[in-house]
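One structure is given below, represented as structure tokens, and several questions about it will come after.
Read from first to last, the chains carry the letters A, B, C and D; within each, the first residue is number 1.
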Amino acid sequence: MHTALNTLRTTPILSVKTESPTVKTYTLKDKLCAKAKPGQFLMLWIPGVDEIPLSVMYAENDRVSVTVKAVGDATRHLHSMKPGETVGVRGPFGNCFTEASGKILMVGGGTGTAPLLFLARRLATKAQRLSFVVGAKTKTELLFLKELNAVCTEQGVITTTEDGTYGLQCLVTEPLGKLLAATKFDMVYTCGPELMVSKIFNLTEQHGISFEASLERLMRCGIGLCGSCVIGKYRVCRDGPVFNAAQLSEVKSELGISKLGFDGERIPV
Amino acid sequence: MSRNPLSTSFAGLKLRNPTALASGILGYTAESLQRVVEGGAGAVVTKSVGAAPRMGYANPTVVQANCGLVNAMGLPNPGIDEFVEEIAHAKIILQAPLIVSVFGYSAEEYALVAEKAVAAGAEALELNVSCPHVKQTGSEIGQNPRILAEVVAKVKGAVQVPVIVKLSPNVTDMAETARVAVKAGADALTAINTVKAMAIDVDTTLPVLSNTRGGLSGPAIKPIALRCVYDLYETVETPIIGCGGITTWKDAVEFFLAGAIAVQVGTAVALENPNVFHAINRGVKAYLKKKGYGSVKEIVGIAHRA
Amino acid sequence: MSRNPLSTSFAGLKLRNPTALASGILGYTAESLQRVVEGGAGAVVTKSVGAAPRMGYANPTVVQANCGLVNAMGLPNPGIDEFVEEIAHAKIILQAPLIVSVFGYSAEEYALVAEKAVAAGAEALELNVSCPHVKQTGSEIGQNPRILAEVVAKVKGAVQVPVIVKLSPNVTDMAETARVAVKAGADALTAINTVKAMAIDVDTTLPVLSNTRGGLSGPAIKPIALRCVYDLYETVETPIIGCGGITTWKDAVEFFLAGAIAVQVGTAVALENPNVFHAINRGVKAYLKKKGYGSVKEIVGIAHRA
Amino acid sequence: MHTALNTLRTTPILSVKTESPTVKTYTLKDKLCAKAKPGQFLMLWIPGVDEIPLSVMYAENDRVSVTVKAVGDATRHLHSMKPGETVGVRGPFGNCFTEASGKILMVGGGTGTAPLLFLARRLATKAQRLSFVVGAKTKTELLFLKELNAVCTEQGVITTTEDGTYGLQCLVTEPLGKLLAATKFDMVYTCGPELMVSKIFNLTEQHGISFEASLERLMRCGIGLCGSCVIGKYRVCRDGPVFNAAQLSEVKSELGISKLGFDGERIPV
């Protein structure tokens, strides 16, 4: 690891964009994070509050964007911050999605859509077909519809809401059975709640399709030191956050089942 | 004749090689400890575990310094009653000695945790009397000779396995602490834990760590740790395990020459990766061969001949 | 309105800017002290001087570590009776306050050297009670509260100029040392001197320094020094001069935020060059302007507001 | 300063060549010192004994040579060392001679001839004229006669011995008055005992000729930190060891007169 990556850089928030009632996108100036590849994450310091891992949603020139859902203390505090206010970043950390070609399917749940959008933008011109299933509880929480429609194959974006306010009324995983049966995809990528990831992993295994998923675990150091984020023998922050099917098979006894809590105790996912 | 030049032993523990994982690094689960063994570690020390669960401090808990890290995790751990399962599991899958690191707020607590850890399968204990950023334990124990003696004696009375005492560099006279620990029964000493330190961000004008104060680890502290080991070697007969900034085989050899029978590696697991142990061992082996030594044990302390 | 934002003062000393040369660096001759002032230093501290000449140790006296230097010069100095001429000369040519660093083997010796230094022109004294590698002086004085109090009191009784006490990080409780020094009359504190350390060469298997043991300086110790200053600021009201690894303006600002009224720079004079003071001052000035502060004094200790 | 330069490297002595009854040349393998320029020096660690400054006499590929006179403990110990034995080096340190063109005169006294030979080899092809005055107490102590004759202009090497056993019987400074009067040299370089340097400096000043001298002072750190080596406001190890006429004028009150002893006291040169 290059220590420069892990050195804390403070930087003003350049812009804030509201994506949904609970989700905002923050754009920061940071040369190092601007070199992030899809799948990598950064550690965002909210001064005096907390430091949390966030996937990179976009990176270009000297700018990097992250898309954040307000779920607790840190993220709610971040949501109250305005352009010009100072945050800290270190990273980018972790590995990235391999960039496949051919027919590609992505499945995004919640803010898990963010790193996949980043990936989709990279693959758009290369992929033979690019489909995206994106789901949320309700219409207003569906993320990046316009952006996804712009990069995916025509009619490639399938939306699901749990309350049926938009698209199909079901979980994001439901349309997958049919999709995978109908088309021989070359690669399925996913990011989102771990139960979703685990379901999709089983499906792709049944269909014998290449698969990569980005996982989330409690993270502290972000550099593979403290052990907070481990799943099986892997450190999500350093060996991941992206894992392929072979690796996920090795950690089946934990995937979607248990993780470490703040005190290092094994708790349900 | 095909003896393994890297094998070593101290306080009754036999190690395939003289490198061990330092406490607090990847030390929560059996699988990650085993990953480190696959990476070449000759032994592993778990995260420090106490009598009750602790959440640790909020992030930031680790901050990069010029030549090392400053950390204040706050001893997050699930408590020994949860951790015994991990110990038992580790005992089954681990292909190297399992050392459980123990902390407490009193001699009784240390002894209680120690007993449970040993019952679950710990092959040795390391007493953390040197964590520099949690109140009423760690270095606050190690800095007080009376309490330190009590802690070591009580643990020794409670268990049959080797007891290693991990020392703090944040003392006026480490030789004194070492003598107290040895007199109270320590079977080996680990030197050193992190050095008191902190980081401040000039932009926000805030201390970076949520706990404000933390401990410095990594290459920055190597010359400090090396002197501690060198001094201890002239002070006690007890085996010394060197720790602090060890990243390369050269670092490790310097510690052996200073008097360490084995070394622990922490921060380098992040600076490099878990295979850093293999890299160190390969280098040490090549060094021994080039210099004509048959065993790493032959070079322990020879920098003192001068 | 054209006030100099960098000007500062402590213990009655007025400095054009808050950077000073640390003791032991280029501190033998008036001309080289003046060179450092031309390089931007707001004040200078001489090499530590004792009652009698000392040759210091044989070379090697300085060895490069990962992120700093380990040195054991052995307090070479011509003795105060010779050095008074240099002080007198410096007093004439120097365009910044002249602080003479003093050491001794007893309170009487400290006081004797102090008196002669002041008679020759020293505008302030810094008592070196923290050198970690010469027996019976330096940190052996600073680590003993009774002797420390005696030394400080005796010197205070002998001279009228401000007396700065330079503290060692090689103690269990620096706050305690600081309180003793302040109670005995210290007008300011410098933190820190070098951290006990050493280096071993794996090829020859020998300690590199001719004295075997030395002290670590440079970027490696910055996080340690910063914490010392931060802790002292919460312990005493006395002005604190930060020292240890300061190389850039950012480092300096961190020390101001932690509570230092001024900083000393040592190793960076070699890592960079004597103009490092100018570079630091330029950076601090730009920082103050950007942040809207009128004076460096306004940022002293503000990292504590949290 | 790059810390790599100051990091101690141990290395075996590759070869030892006897130059005179009291002088030997040591060749070592060291990539960094092999990049030294004429005038630079290295710090040589004689393990368990001392560490001393020595001018680089030659450097090429990955090798560096130093020429050492046995004068005390360290140098005598070094003289007892054989190829294969280990020493330590750090450096190269200090500045170097500027490489002048035109008519050049060099004056070497004792081992001070070594760095000048290095310089002469570099300038040989460029200089219009290259003359060298080399002096010693006695014939057997005259250094590098063959090497100097090979690089200097025809009949450009003038030798002096104090006892008259070879060349002119005089001090090395004696032929200079005539030389400088006869030829308008563009540059005079010197290295050797400080009294010699100071004499030559005065002569070149009188003749208004460009002048550079390499000085020696007690050195400990070699990197401009400890102050042992200062002359006036200059650190010989860092601002020197090569000084030009303008700089030497600034330190006239010390040149050839006083220096610091091991205890920092001003003592006669």
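As a working rule, a contact is a pair of C-beta atoms (placed from the backbone, for glycine too) under 8 Å apart; a residue touches a chain by one contact, two chains touch by 3 or more.
Note that the structure is a prediction, hence the values are computed from the model and not measured.
Peer 1: Can you list the groups of chains that still touch once chain C is no longer counted?
Peer 2: So the groups, chain C excluded, read A, B | D.
Peer 1: In whole angstrom, how far does the Cα centroid of chain B sit from the Cα centroid of chain C?
Peer 2: 33
Peer 1: Using the average of all C-alpha atoms in each chain as its centre, how far is it in Å between chain A and chain D?
Peer 2: Result: the chain centres lie 65 Å from each other.
Peer 1: Would you mind pulling out the distance in Å between where the CA atoms of chain A average out and where those of chain C do?
Peer 2: 51
Peer 1: For chain C versus chain D, what separation do you get between their C-alpha means, in angstrom?
Peer 2: The computed centroid separation for chain C versus chain D comes out at 36 Å.
Peer 1: Which residues does chain C have that touch at least 2 chains other than itself?
Peer 2: In chain C, residues 199, 206, 306 touch at least two other chains, as defined above.
Peer 1: Give the residues of chain D that touch two or more other chains, as numbers and ranges in rising order.
Peer 2: 48
Peer 1: Edges wherever two chains touch, nodes for the chains themselves; is that graph a line, a ring, a star, complete, or other here?
Peer 2: Topology of the interface graph: linear, an open chain of contacts.
Peer 1: What are the touching chain pairs in this one?
Peer 2: Here the touching chain pairs work out to A-B, B-C, C-D.
Peer 1: If you look only at chain C, which of its residues touch chain D in the complex?
Peer 2: Residues in contact with chain D: 24-29, 31-32, 34-35, 38, 47, 53-56, 58-64, 69, 71, 73, 76-79, 82-83, 199, 201, 203-204, 206, 208, 210, 266-267, 269-273.
Peer 1: Under the stated contact criterion, what part of chain C meets chain B in this complex?
Peer 2: Residue list for chain C touching chain B: 65-68, 70, 143, 170-173, 195-200, 202, 205-207, 212-213, 216, 219-224, 226-227, 230-231, 245, 250, 253-254, 257-258, 287, 299, 302-303, 305-306.
Peer 1: In the complex of these two chains, what residues of chain D are touching chain C?
Peer 2: Touching chain C: residues 1, 3, 6-8, 10, 43, 45, 47-48, 50-52, 86, 88, 90, 220-228, 230, 232-235, 238, 260-266 of chain D.
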